[in-house]
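You will see chain A twice below: alongside chain B first, and alongside chain C after that.
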Partner chain A sequence: MSKKSGFMKALKCRECGREYPLEATHVCEFDFGPLEVAYDYDKIKKSLTKDALAKRPQTMWRFRELLPVAEEPTVGTGVGYTPLVKADRLAKWLGVREAWVKNDAVNYPTLSFKDRVVSVALSRARELGFDTVACASTGNLANSVAANAASAGLDSFVFIPADLEEGKILNSLIYGARVVGIRGHYDEVNRLCAEIAGKYGWAFVNVNMRPYYAEGSKSMAFEIAEQLNWKLPQHTVAPMASGSLLTKIHKGYQELIKLGLAKDTKPVVHGAQATGCSPISAAYKDGKDFFKPVKPDTIAKSLAIGTPADGFYALKVMKETGGASDDVSDDEIRDAMKALAECEGIFTETAGGVTVGTAKKLVASGKIPAEDSVVLCVTGNGLKTLDAVQGHVGKPDEIKPSLREFEELIEPDLKVKTK
Partner chain B sequence: MAATVRIPTPLRKLTNEQETVEIESATIGTAVDELEGKFPGIKERLVDEAGEIRRFVNVYVNEEDIRFLENQDTPLKDGDDVSIIPAIAGG
Partner chain C sequence: MAAKKKAAKPARKAAKKAVRKTKPTAKAKRAANPRKTARLWLMFPQRLITKPVVWELSQKFPVITNVRQASVTGEIGLVCLELDGLANDVKKAVAWLERRGVSVEPVEINVIES
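Up next is the complex of A and B:
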């Protein structure tokens, strides 16, 4: 086990500030508050400069000083630096002056933003001497843990709700992971995993490795800022399941400000949920700073967390930055998936539909002013949730290999076009 | 009558590393006091100054979150399983 700590100082309770050694532990023994990595920012400032960045490869690890590993990463070294797409046609659909899509639907290797958190968690797990990794997952995390563990030669266990989309289940099995389907929703999978993690000596990426794991999400914010030439976006819309991604995007922006890499232009962060699982959005609308747990019922299964661990902090970030939250129905999710596909050629999964659909609502309600610019965090790939759009996107026309049949098929459309 | 409380790792220092504890209380609220009697110091880990279950502590009776039941008034009966679990990040 490595004794080095790199740019990290300690684990620190977000509630009471008590400090803990940099081990595989995630809650404060005193008040159960989540532990977070504390960094030596003075040391980071000397190392993470724009000159240094210019020489580094285009992966999330170019921001290595702000990611919690003691030495050079060993798992998922090619993850990140996904495209930031200027989405002019989508901006029109949204009703906003300028829109960008941070496209983690094409993240490497498993087509979701989870590769970011997993490469951090597994690199750190190796440093701490683990040979078996595990996770509780709504699907994407399972895929990423399975794939990255395979490439690193680690054993993996993934725990998922048994009723997940077929694509997401196959996408874990193919890598040789031990996949355990739990007959229950994600919150029940989570509860079981908390108990399993206490019993077996594995690196559970979102349980005992959570302080390291969660930090990986910041890389999305770092990349967005750099891709916008170090100008922080006016508005960012992120999907919320546990609320972790949203809080870490905010933290990422704030760290860049602290290090002098970006100016403090008061970036606003908004949170998107599916109406069928919207504890955080409901709390926001009620003006509360705490949420009431719900039992999820939505096609956005990757966001179906009824007891969001970071819900409290997500509400705090939205309040502090002037952000807002809203939620969209299953039909609105599908409409938004289609809009993103038809406007920008990007096929996202249901979670991306939640983000895009909610952004449209936030523009309509004036929470995102029409004259502003917005970055949408698209976190997963549509090929993984084909079931969600099956039967909602039409069917191909079928004809004999005959020119006459084709003409009969197409003539009515052409007449309409020439009118 | 007795219900079984599964003690999470962070609290086992207080229970002399005992993983489960038998309790006689009729509700979750009184169970917290009963645990405090057996393991002084455990109550302030579980509830805040106002007596509410702490924000990052989830309590389950037979796999159901007590916030879907009757919170601290949730009744306990013979053979019930109580779990105390810290909140977990997303997936």
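Up next is the complex of A and C:
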């Protein structure tokens, strides 16, 4: 196990501020508050400069001083630096002056933003001497852990509810992960996974490695800022499941300000949810700083967390930055997925539909002023949720091998075009 | 009859001995039902907010209850509870809480992610 700590100082409780050693631990023993990585920003300031960045490869690890690894990363070294697409046609659909899409639907290697958090968790797990990694997941996280562990030669366990669809299981099995289905209702599975995480000496990425894992999300904010030539966006819309991504995007922007890499232009962060699972958005609308747990019922399965662990902190960030939250129905999610595909050629999964659909609502309600600029965080690929749009995107026309039939078919379209 | 009785006695003794042999030792019992501490978030729906559920739990099951954090409003009650006891008792206590209508999650809250 490495004794080095790199640019990290300690793990710190978000509630009481107590500090803990940089080990695989995740809650404060005093008040059970979540632990977060604290950094030595003076040391980082000397190392992370724009000149230094110019010489580094285009992956998320170019910001490695602000990521919780002690030495050079060893897992997922090619992750990140996904395109930031200027989305003029989508901006018109949204009704806003300028829109950008941060497209993690093409993140490497498993086509979701989870590759960011997993590569950080696994790199740190290796530094701490683990040879087995694990997670409890119903989708993107499982795929990413399985793939990144395979490429690093680590053993992996993936825990899933036993009734999960076969397609989602295959996406983890293919990488040789040991996939364990657990029978029982959601809370039982949840409790057992927490127990397993506590009992075995494994790096459970979203349990004992969580303080490191969650920090990976900040890289999305760093990249957005650099891709906008070090100007922080006026507005950022992020999807909310646990609420962690939104809080880390905010933390990422604040760190860049602290290091003098970007000016403090008061970036506003907004949160998007699906109406069928909207505890954070509902709390925001009610003006409360706590949320009521809900039973999820939405096509946006990757955001279906009824008791969001970081919900309280996400609400706090939105309040602090002047951000807002809204939610969209299943039909609005599909419409937004289609709009993003038709306007920008980007096929996102349902979570991306939630982000785009919610952004449209926020523009319509004036929470994002029409004359402003907005960055939308698209976190996963549409190929993973084909069932959500099946039967909602029309059918192909079918003709005999006859030119006459083809011409009859397209005649109405041609008439419209020549008008 | 007498001969039969005589023959039956040793057979019963042997059977008793066999039962004794298969009875688990205290060590085996402890291994099968070890002591454990569960760290849980309990969520009380509105109708249960005024009920002394944690007290009831401690009366019904031989577990040590330790409230580590709590936030109770008119709408929802959130209690972070440590439950210490034999694994089976802790399991039964959690099942009882759920039957009572309290949602019980690990202190990590959501371990299962998408």
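Basically, the second predicted complex is superposed on the first by the 400 of 419 C-alpha atoms of A that agree within 3 Å, B and C clash if a C-alpha of one lies under 4 Å from a C-alpha of the other, contacts with A are read in each partner's own complex, and residues count from 1 in each chain.
Heads up, the rule we're going with is that a residue touches a chain if its C-beta (ideal position, glycine included) is under 8 Å from a C-beta of that chain, and two chains touch if they have at least 3 such contacts.
Keep in mind that this is a model prediction, so the values were computed, not measured.
*Asks:* Between chain B and chain C, positioned on chain A by superposition, is the outcome a clash or a fit?
*Replies:* Taken together on chain A, chain C would clash with chain B, as the superposition shows.
*Asks:* Considering only the touch criterion stated at the top, classify A:Phe290 as touching first (chain B), second (chain C), both, or neither.
*Replies:* both
*Asks:* Kindly classify A:Val207 by the partners it touches after superposition: chain B alone (first), chain C alone (second), both, or neither?
*Replies:* The answer is both, since A:Val207 touches chain B and chain C.
*Asks:* Answer with first, second, both or neither: which of chain B and chain C does A:Phe406 touch in the superposed model?
*Replies:* A:Phe406 contacts neither chain B nor chain C.
*Asks:* Once the shared chain is lined up, is A:Lys301 touching chain B (first), chain C (second), both, or neither of them?
*Replies:* In the superposed model, A:Lys301 contacts chain C only, not chain B.
*Asks:* Scan A:Leu245 for contacts with chain B and chain C and give back first, second, both or neither.
*Replies:* Only chain B is touched by A:Leu245; chain C is not.
*Asks:* Just checking: does A:Ala194 make contact with chain B only, chain C only, both, or neither of them? Give me first, second, both or neither.
*Replies:* both
*Asks:* Considering only touches as defined above, state whether A:His26 meets chain B (first), chain C (second), both or neither.
*Replies:* In the superposition, A:His26 touches chain B and chain C alike.
*Asks:* If we overlay the two complexes on their shared chain A, which of chain B and chain C does A:Tyr186 touch? Say first, second, both or neither.
*Replies:* Both: A:Tyr186 reaches chain B and chain C.
*Asks:* Of the two partner chains, chain B (first) and chain C (second), which one does A:Leu141 touch, if any: first, second, both, or neither?
*Replies:* Once the two structures are laid over each other on A, A:Leu141 reaches both partners.
*Asks:* With both structures aligned on chain A, tell me which stretch of chain C collides with chain B: 7-15, 25-33 or 61-69.
*Replies:* In the superposition, chain B collides with chain C along 61-69.
*Asks:* Under the contact rule defined above, give the chain A residues that sit at the interface with chain B and also at the interface with chain C.
*Replies:* In chain A, positions 26-27, 31-32, 135-138, 140-141, 186-187, 190-191, 193-195, 206-207, 210, 241-242, 290, 292-293, 305, 307-309 sit in both the chain B and chain C interfaces.
*Asks:* Going by the contact rule at the top, pick out the chain A residues touching chain C in the complex.
*Replies:* Interface residues on the chain A side: 26-27, 31-32, 135-141, 159, 161, 186-187, 189-191, 193-195, 197, 204, 206-207, 210, 241-242, 290, 292-293, 301-305, 307-309, 351.
*Asks:* Inside the complex, what are the residues of chain B that reach chain A?
*Replies:* 6, 8-11, 13, 45, 54-58, 60, 63, 65, 67-68, 83, 85-91
*Asks:* Hey, which residues of chain A end up touching chain B in the complex?
*Replies:* 15, 26-34, 135-138, 140-142, 184, 186-188, 190-191, 193-195, 198, 206-207, 210, 213-214, 241-245, 290, 292-293, 295, 305, 307-310, 312
*Asks:* Enumerate the contact residues on chain C facing chain A in the complex.
*Replies:* Per the touch definition, chain C meets chain A at residues 38-40, 43, 68-69, 71, 73, 75-76, 78, 80, 94, 98, 103-114.
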